[in-house]
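After this come two complexes, each holding chain A, first together with chain B and then together with chain C.
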Partner chain A sequence: MPTSLQFATATIMGLPFLAILILNLVNRKTGNQLALGVGIIVAVIQMISAIICAGLLWANQKDFIDFSIFWNMTDSAFAGRLSIDFFSIVVLFCIGMVSFISFLTAKQTVGDKKLNFTNLLMVIMLGMNGIAVVTDLFSLYVFLEITGIASFVLIALFKDPEGLEGAFKYLIMSAIASAFLLISMACIFMNVGSLVYSDVAAAMLNWQAADQPLFLMAAFIFFIAGICIKAGVAPFHGWLPDAYQSAPAPVSVLLGGIVTKVAGVYAIIRITSDVFSGVATINMILMILGTISIVFGAVATLSQKDFKRILAYSSISQIGYIVLGISTGSPIGFLGAVLHFFNHATFKTTLFVNSASLEKQVGTRDINEMGGLEGKMPLTNVSTILAFLSTSGIPPLAGFWSKLLIIIAVWQAGAHFVAGTAVFASVFTLAYFLFVMRHVFYGPLKEGLEDVKETKGSLALATVLLSIVTVGFGVLFPFVLRFLQAQGML
Partner chain B sequence: MTQVIFVILLLLMVIAAVAAVMVRNLIKSAICLAAVSVFLTIILFLLGAPLAGLFELSVCAGLITVVFVSAISLTTPYKKEEASELAKKRLARFIQLPFILALVAIVFGVMLAFSGMNIGIPYATPSTFSTFKEVFWNMRQADILGQIIIVLAGVFAVVVLFKERDEK
Partner chain C sequence: MSGLQILLTMIILPAIAALLILIIPKKAFAVKSTILLLIVLVNLIAAISLWGKELTFLMPWGGFGIDFALRVYHFSSFIVAAAAGFAFLVGLYAVAFLRGKPFAGKFFFYYLVTLAMVNGAVLANNLVVMLFFWEGLLVTLFGMVMVSGREKFPTAVKALTLSGFADLLLMVGIGITAWQAGTFAMDSITPIPVNGISVLGFVCFALGAMGKAGSMPFHSWIPDAAIDAPLPFMAFLPAALEKLLGIYLLARICLNFYDLQPGSGVSIFLMTIGSITIVLAVAMALIQKNYKRLLSYHAISQVGYMVLGIGTGLPVGIVGGLFHMINHAMYKSCLFLTGGAVEKQTGTADLKKLGGLGKYMPITTICFLIAAASISGVPPFNGFFSKELVFDAAIESGMIFYIAAVVGAFLTAASFLKLGHAAFFGKSRDEETTKNTKEAPLAMLIPMIVIAAGCVLFGVYNALPLHTFIQPILGHALEGEDFAGWPHTATLVIISVIVLVLSIANHAYGVKKTGNGLGSVDHIHYAPVLSNIYNGAEKHYFDPFDLLMWVVKGFAWLAFGIDRAIDWIYNVFCVFIVSSISRGLKEMNDGSQSRYIVWSFTGLAVILFVFIALV
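So, the complex of A and B:
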């Protein structure tokens, strides 16, 4: 095991722990002052670790690397394997990036709750990192719960009635999802005797020949239902808009940017490709769910007036695209889904940061009470329009490429109607976003908004960094595609 | 010989369970409940199900106890006079308990004796991963870490949601 790998894996599972220890061992006042700085360092190191892991994969020409947390146990036959592959690396990087932005946002918005916020965010990071590297269904469940518990508390961080309501809804839906997942795992364990991904996948391959195929089928249905609740895919989305809207600004950034995507979408992708790959109907089910999500999210955005709620419904729609990409089962679709995962993390985080800026500077999130802010907040204006265009898939921004790949994959899979729907929904999204832009930033300046100033400091920095990623990744993407083709990944 | 061990373990389990209900101090009650899980774990291990035993031990004896204890720490205990009054009522309520237990034991004994059901302890074929050490430290390594983090998350949740309310 090379030292660089040891460093990278140790930071992934250990560094947030260390940060929690340090921050809580010093006295409370110092802890409060240090908290966000320590958090930012942890997030940056996590991004570096992800890049190191990518380099190691590439240098060794491997598809995945196995590692262990406490000690090297390659000799042990029953070692609980942890594994990093291309997709986990993208996810780990996104976790680092969004956490970094969330800390920057928190600097101006959480007041004296810095220590509590950082503690819980570190727990969420540990939970999500765990989800990204485990190879066992039960461990996956454990880390899903960690992420969930910390999220409920973060949503209710300020203990305002709205936040408590959002957290409670999330808690109830999440508990139902957990129950589904546990039932599913019990069924699988009864039949297979193991919960390791590869063992379950082998059993699923010939599930018709199994002793009790009914139990495996039930397990499959429960698992998909449970994980779709966590992801907020359309028919299961009830909790999502309330949770996003009522959460404090940095928590919305975190939830919208990464938490629901890792806890839901990543888990869906992982179990579809590694566990239930033998089930023929899975692609059909995911395609239907994805299409419903896309259309529902786009249509439901129409009647919303709250900036964050608009973003929440648009998230449902974008998650639909990711699910649609996986449902094709082809390498192009998978790549499109992974890229859209990354892109969505970037542009949705930008938008949530901008909603925080607007709320802080203007004092409201109602789009009807805003107007003509173009000249007052030029930076927010430009970054918002970039993120909106990227969301609706306008070239050459990053969102265009991932949506293009997904739609090509769907077309190749023969689902022409679905591909058409996806394109149409994208145009629909663009139309509505332009409408929002006109309401918030253009037109005559609304009364009482004369003194509004541009946001400063950490919020502005976060917006600028994310916009650079959106534009840069979009412009450089053809080279990335070439590189991936040369590596034989397409 | 093994039969005797099982009977002893089952008895200990029942005693711990009864104690969990009877004990006046809530913390002691939670610990007794954990003890029930510990005895059950030993039984599961002897029956050749280390994985089930492990989950029983770490989740029921470990995690749930932590949750109970942190919840109890948020409550205010009764004053002495209130407690002594409650103790009398408690005695009246639980005086039937030994009789009920004895009755249940007799009914089950009679049922088993006459129905011809076999409760001979089934020895499952020993699993390939039969040692506790192997299962706990190697196979379930990620879960141990996960449980530590869950406890941390629970502690932070209590701190954020409940602690500051007291200060006001």
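So, the complex of A and C:
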């Protein structure tokens, strides 16, 4: 057991770093050739490690495993403990999966920037893995910044005006978020003297009795606001559509599929359950923000014309569902949120991969310039349908189950109106799904698209793999649910 | 073969043979007709062998008291035997009539399925099982009207709609009856007193049964079908089997299921429908200029006598009604068969082109004369005796019903004088059509002759049907009365004879006025007031189907309007609202960094506000 734990944890924190070293020690040409292969290996190993960790948790009947790498500072007051629990494992697996898909997408889309792309993606992986396992707020902040900075550069990878503008917006908003987070942490450190989750949680449990309750209150509010900017929850979402739209294809796969989820949503869930769980109002705040996000994202999607922008707004809506699930504070809601996290990573990545396929094969992302591609790109067509149906929560696809759990949890929490709104917003999801399908795949073939061919190679592989996951997870979900029930997680 | 096996055979065998006919290639007409004749013959033998037997068959089927139950007793075996007889004779006729027609195979298929369904419906001892077979007849009815071509579709739809509506009432009636009786088993229902909700049950049930028999207001498809459907269909279903079936059920309702008291409200209701049917249908028959269409209106009108007779609730009326049912089935199918013979030999059934056929088709003419005398109530043919019984019951129930029945008799006689005169006597109006006419083939003559002979037999020796078939059905209710022999009430006979003489006088007057047989009733047709009514009727103003269609169209129009309005809300209004909001949101997200930052701070303020508000 120790060896497998050491292997798993070492790969999680060390392997991306090692990959960067290897790729940059060789000369640039070789590095370029090796880059994507190495990246894919790292991503696959990460998925394997996540599964090993899950096995370890299950074998030892534990809720979490503490570990340390390279250094051991558990004695220090400052930080150091890393921890893996069920949710972290899901997130680590998703990181591996989406990175893997991103590399597959990059193979056909980044040209001679393979080395740069891989380097930056490795940094992002490192950052996200860190976010997933840290147990104190400052480490969280550090890894958020690592992830963020690498993302800015990735968005502007091709140094085109659009990408630079998107990167700049993301940068500015992240800076504001960072400022919020730093203010928050300063306030907390001043009052609590520690930034470890459990210490802060203990202090926040009784924040009104603290010496300076106003500071703790400000800390709480600023932290939520800051992390919401990172997650793109409405009304903090302004940067998100622009950044998604302007990023190169593999980067938007990465951003839409995982980066904002880990840097934002995962962090929200983590601090809600581990740090601010004692603050009674957090559930209400998250419920309001979640509902706004769901409705706003769904309605705003309806008048978009750019495929990626549609996906961006759809992401805002889906993030709202995850936040809503968390806001119930019940185990079902938490489970629903975690599963929706995974499902969203799957179906949104599928859609971004398909948008990359369309952009590559048709040459545009404007859905008004496409039409009748059903027969020309059957694979893309079918996988888009599956992914969108999963997004809308149509049984038996994966998205149905997680949405169902979330809505059940919201209903049980007594927020019937919110539950109704969440269901109703799914109608809009279905509406923009049909809207996209009609413009892109159905109807008569647009002039000039006669020579469009189906996507091949790595992109096709990526979309097929993800579709299998979407359908398979949906069909097998009742077993998953039963397993989780047997584990006492529900 | 045991009785039970015979029972099942009578239902299953025709159905299987029907499928067989469908499989056999189109050209093998001889094979198909052989199968048809074989099956109707087997069916006839089976039906006769059931005579006098009392059998029940029970097989658990649907649960909730819905068992597949069959029962043979004197009433049902009488109806089954009669139906089998007509099926055999009309089958023989149909084989000759449809020779060389491309749709003959399909017609035979429907013919045998109909036979299976009729056997099932008559033998059923469970209301739901009966309904099952009854509804099956709806399908074959549609198929048989449709069979000769796509252009018959409107008529078939009309037949289906009206019969289907009647069946719907039947279904409601069965539901209420079973609820009131507490069972679906027909032989364990004790007569239900007719009051409260069971009035509705009785009325719906009876209307359903009468609808099958072709009573008003479910009649208007029959005259259309007379023109559009192949003639054997008319002789088979509307003239014979549907009457047997409908009146059988009506009699069962009045005798077994409900306690029908003479003079009660529902009795008057039935008699009123009967009287109206008699007078209106025969009035329409009077003015028809087509052989088959004229007969079809009589097929409606005569139902009125049966309904009137049974509706009185008096033993004499019920015996009269049932006797009239079997008599009608005989003379009306005979009349239709003569009509078919005329049409087959001359190529038309239009009276304006016919005339003087008596010398070319003597046997057909004689059969026609016998059947026409029967329907007009000329003694000593069978129709006379059954009509006298109905008259007897009617005058006991109310003068108005008797008057209606007598008016009906007068107009019936008048219209058959006209028909006979126009078709078989006088001069041909269109020599081209009639000059090469020959007598009909033997296969068509035999059924006519047999049935016509039956008409004479049932009249002259009316004790045979009355004692053997009909009076046992009522059993003790008769209280020892016997209606066989010469009618008991001499006054009524005298009035009937006077009516017949009057109709002959009327005919003579009409012929003198217009100079030919066809115009013999024109003075009635074109009488003031009446002519307007006739015009309206000919234009289908009074057709219940067309009236129903008007209502349906109005409803459809209304529903369409509502639908459009709802559609507008969903497709225009909601879309406008949502797309406006969506567009607004899109325009807000225009890439302005400062706006995004302001939003973020707004969000911060919202969190702050919620936090403070809740703490």
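Rule of thumb we're sticking to: the second predicted complex is superposed on the first by the 480 of 490 C-alpha atoms of A that agree within 3 Å, B and C clash if a C-alpha of one lies under 4 Å from a C-alpha of the other, contacts with A are read in each partner's own complex, and residues count from 1 in each chain.
Keep in mind that, in the parts below, a contact is a pair of C-beta atoms (placed from the backbone, for glycine too) under 8 Å apart; a residue touches a chain by one contact, two chains touch by 3 or more.
Nothing here was measured: the structure is a model prediction, and the numbers come from that model.
Of the two partner chains placed by superposition, only chain C is touched by A:285; chain B is not. Contacts of A:138 after superposition on the shared chain: chain B is touched, whereas chain C is not. In the superposed model, A:228 lies in contact with chain C only, and not with chain B. Judged by the touch definition given at the top, the superposed model places A:217 against chain C, while chain B stays out of reach. After overlaying the two complexes on the shared chain, residue contacts for A:239 are found with chain C alone; chain B is out of touch. After overlaying the two complexes on the shared chain, residue contacts for A:302 are found with chain C alone; chain B is out of touch. In the superposition on chain A, A:157 contacts chain B only, with no contact to chain C.
Taken together, the chain B residues at the contact with chain A in this complex read 128-129, 134-135, 137-143, 145-147, 149-150, 152-154, 156-157, 159-161, 165. Every residue of chain A that touches chain C in the complex is listed here, in rising order: 165, 168-169, 172-173, 176, 180, 208, 217, 220-222, 224-225, 228-229, 233-239, 241-242, 280-281, 284-285, 288-289, 296, 299-304, 428.
By the touch criterion given at the top, residues 578-579, 581-583, 585-586, 589, 591, 593, 595-597, 599-600, 602-604, 606-608, 610-611, 614-615 of chain C touch chain A in their complex. Across the complex, chain A meets chain B through its residues 13, 17, 20, 68-70, 73, 76-80, 82, 113, 116, 119-120, 123, 126-127, 130, 134, 136, 138-139, 142-143, 145-146, 149-150, 152-153, 156-157, 159.
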